[in-house]
Amino acid sequence: MITSESPKGVELLNQLSKSGDGKPPLGCMQCGLCAASCPLGEAMEFPPRKLILQAAAGNLEKLLQSPSLWMCVACYTCSHRCPRDIELTDGLWPALRDQAMQQGFQPPAELQETFENVFKYGNTLGKSPRQRMDWAKDLDVRVLDLSKEPRPVDVLWLVGCYPSYYPRNQVVARAFARILTELGVSWGVLGTKEKAIGECDRMFGEEGLFETLVEENRKLLDPQRFEKLVVLDPHAFRALQNFYPRFGAWYPVEHYTTFLAERLDQLKRLLVKPVETTVTYHDNCCVGRRCGCYDPPRSLLELIPGLKLVEMVRNRDNALCCGGGGGGMWLDAHIVAHGGHRLSDDRVRQAADTGATTLAVSCPYELSRFEDAAKVTGLEGRLVVRDIIELLAESMDLGERSNA
Amino acid sequence: MNIAVVIRQVPDLIEPLEVDAAGTALDLGSASFIVNESDDHALEQAILMKEAGGGTVTVVALDCGDVDNTLYAAAAKGADRIVKIALEGDPPSAQNAAVMLAEAVKPLGADLVLVGVQAHNELEGVLAPLLAAGLGLPYVGVIRGVKAGAEPGTISACKEFPGAVMARLTVKLPAVLGILGADQPPRYVPVSRIRAAMKSTQFEEQAAAAADVEPLVAVRRLAPPAPAARAEMLTGSEVEVAARIAAILAEKGLVK
Amino acid sequence: MSDRDVLVLAEVQRDALADVALELLAAARSIAAATGGEVVALVLSGDGARYTASLGAADRILVVNDPQLAAYAPGPYLAALEEIVAAEAPRAVLIGATSIGWDMAPMLAARLKAPLVTGCTAIRVDGAGLVVTSSFCGGKMMAEVQVAASPAVLMTLPGSFRPSADAGKAQVETRALSKPLEPGEVRFEEFILPEAGDVDITQQDVLVAVGRGIQQKENVELAEELAGALGGAVCASRPVVDQGWLPATRQVGKSGMTVKPKLYLALGISGAPEHQEGMKGSDLIVAVNTDPNAPIFDVAHYGAEVDALELLPALVEAVQARRG
């Protein structure tokens, strides 16, 4: 139990828990399950348990300046296991990071640049908004730009920053566009007006930036008429489902795996080509552990003819995070410099141990993280990384075609 | 110390710049603007000096290129006063900007005026020394790092020379410095503080002084550079390009 | 003195003639050839006689000696420069975009109410005036500027002109100013040299240069691996040094080092003029940048529009494979 408390620290902790879903941090019984479960816990000066202890005792300065504050990759393992249901990942960490920045402690430089990119350009990559639709250049299916031609659609697909700009992910965006069309869904996108949803900014502690993005996204979405939002990014899903409503912005939203898994019968008929490969599926943290959604991705994979699905030892709620959340995408250097390591390196080894030759993912960060990790661990050539969308598209015979 | 900082907005080079129909000026209609990098460093330097030795920081800017966001960020970083000078018509030349800014800076009675040593869209005028001339103050530029001087009424500044060599200078105040870099990179200020500044900060809005310095040069033509001797571009995947580069290097005897 | 002459500020920095002086003399020569005038070099220092031997490409070498000019301070330097230029009344004054040049060129132009053009890469005579080609907007825009009035103060981008071996008349003239120079409000104290013990990138045959495109500090290690495989060292553009990912001794560019290695491999560097200045003399330049419009491709011999981060490990492998 926490035995020494400072009024100031207690007040802060109470404040921090106000807007969250979980129970107050002061209910912590210091059991240490969080620190033991955290994949980077050993490297942290202040794992979750100590964050609460030190915050309550009023040792905020030390805590807020510690590099350990920027080592959480938002894998939700601690929150998932906390016997007191304390909202650690979504509540405590972002709030403490926000507090650090408010008090003038500088976040790692790579994160600063990410914030500035999102603030200026609406995407984390620092690319021009005007290039946001380049992924759809010469695409063989029609992409309805709802910002230019608004009309009611079944699905308003929020493409996301990485699928829009990052070459490896643009392939996935194009494949999904083809799948939606093949399914006869009426769909559209927001075109170059689309902006980041801001989940990562919220998790990094940039509450103000997140609020700004909620406002801007409301301006984009409220005038549109759609049955549901579909996203490729589990982080965006989590933010739209759980954080946006706290600002009064409620939209029906589904992660693409759920959306497609509602159409298994239709898909089954369209999956014409066998994909002969042994696949293991990596459960992403947001849709997986945090939202408890493990079956839809598996149903999709098992539907593909010729595909054999095997499980890693650590699967479902016990999956090991790729290390990309909570700022991790930009903090590998910081984490390694302070005694941590890249979780994606461990994960690809775990995938290879199953005997699988394909690692299937459903989160945009994971493609590049696991491909990099495969190169670094010498697994390149033995393990390919593909999004479920790519496997489906291949089986539906919807590959890259010329427009001739 | 009473420090004045001049901030400018410049076209963001993330987009290709466009030239107007006449072909002699930039078409800024579709350009987006960001703070001039060295002015951002000048602001950081001013805030650092205020944090170290007390005093006030006043930011002065012409109202062009969506400057408001930058000014709110400056307030959030700790600027005490923000003076915004209303403009009519096109953004002024460096010479005219210097006249307008000097008029606004003069009454501040600043001990030190910091402004970025250059802006990438300057062509036939450099604002920093022109501003100094307009204020009748001494000037030195290409400065990286400023501290309070050992003698009262002075500051100590480092002027950057090639080869990472610095010249340490003592400057008698009041003076204008052309900043290349601050003692540390411009700080990050959380968006919530900028939003708070948007609600609480009042800009002191002023009219611009009359400035009609005639240009002494004429731009005949503006265009993106024609790549005279452009690189031979290697195509393919990263792995293919790597193989080709390695082959080229081997050919030239660079791989041993 | 004549408005057909071209005057070059032959800067002295830390007791040596700046490299830029010789290329400015060559630029001046081509203008003077068209105007029928002379190339005049101006040396402002404590003891200018030491430098005149290197200025043989000039027709007249004006030496102004004053103790106030022994170390650069803008006040006396500008006073001397202004007086000489006013007396000489040349067609143009060529000043390099150096640390001293960035002070002197605009201040001189303001004092003389003369036209100024910065970023000059080419100058030619056009009737009674000059037409100057200038690079600005980070190298993404070129301007052709007409300058009618004289003298024209032209601040040139170092590396734009090639020094020539041609000799001029090389008449040395020691000039006295109308009165001794006063110290100004800016006083030179001392030079602060970078810490020794690090790699001297100017002596390397192979340089692997990293820019903003490497994104994170840990990727510098990858670059070091490649540099090691090629027997060279890592250097960087200014933003990387500003972030503290490499020390200032590794900085290439106007405010860093000028390098001329056998191989300059530019990874994720946009190649703004300030950087180009420091490396365009390299024998072989290979540049990698995802931006097809990056100015670096204008000086590189080979280029590729791929991600430097993706390329690095592949290139390390490819090079190691060749080493066998």
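Order as written gives the chain letters A, B and C; numbering starts at 1 within each chain.
Going forward, contacts are C-beta pairs under 8 Å (C-beta built on N, C-alpha and C of every residue); 3 or more make two chains touch, one makes a residue touch a chain.
These numbers were taken from a predicted model, which means no experiment stands behind them.
S.K.: Between A-C and B-C, which chain pair is linked by the larger number of C-beta contacts?
M.R.: Spelling it out, more C-beta pairs touch across B-C than across the other pair.
S.K.: Taking each chain's centre as the mean of its CA atoms, which one is farthest from the centre of chain C?
M.R.: Centroid comparison gives A as the farthest chain from chain C.
S.K.: Taking all protein C-alpha atoms shown, work out their mean, then name the chain whose own C-alpha mean is nearest to it.
M.R.: B
S.K.: If you average the CA atoms of chain A and of chain B, how many Å lie between those two points?
M.R.: Chain centroid spacing, chain A to chain B, equals 37 Å.
S.K.: Distance-wise, how many Å sit between the C-alpha centres of chain A and chain C, to the nearest whole number?
M.R.: Distance between chain centres: 47 Å.
S.K.: Report, in whole Å, the distance between the mean C-alpha point of chain B and the mean C-alpha point of chain C.
M.R.: 20
S.K.: Where in chain B do residues touch at least two different other chains?
M.R.: In chain B, the residues touching two or more other chains are 185.
S.K.: Of all residues in chain A, which are in touch with two or more distinct other chains?
M.R.: Within chain A, the residues that touch at least two other chains are 109.
S.K.: Please output the residue numbers of chain C that touch at least 2 other chains, ranges allowed.
M.R.: If we look for residues of chain C contacting two or more partner chains, we find 243, 307.
S.K.: Could you list, by residue number, the parts of chain A that touch chain C in their complex?
M.R.: The contact residues of chain A facing chain C are 109-110, 167, 330, 332-333, 336-337, 375-376.
S.K.: Where on chain A does chain B make contact in their complex?
M.R.: Chain A residues touching chain B: 98, 101-102, 104, 106-107, 109, 112, 115-116, 119-121, 126-128, 130, 205-209, 211-212.
S.K.: Spell out the residues on chain C that touch chain B in their complex, using ranges where they run on.
M.R.: 13-14, 71-75, 98-99, 102-103, 105-107, 110-111, 113-119, 131, 134-149, 184-194, 206, 230-231, 242-243, 247-249, 251, 254-258, 262-263, 284-288, 293, 295, 297-307, 310-311, 314-315, 317-319, 321-323
S.K.: Using the touch definition up top, name the residues of chain B that touch chain A in the complex.
M.R.: Touch list, chain B to chain A: 12, 14-15, 34, 185, 187-188, 190-195.
S.K.: Under the touch definition given earlier, write down the residues of chain C that touch chain A in their complex.
M.R.: For this pair, the touching residues of chain C are 215-219, 243, 307, 313.
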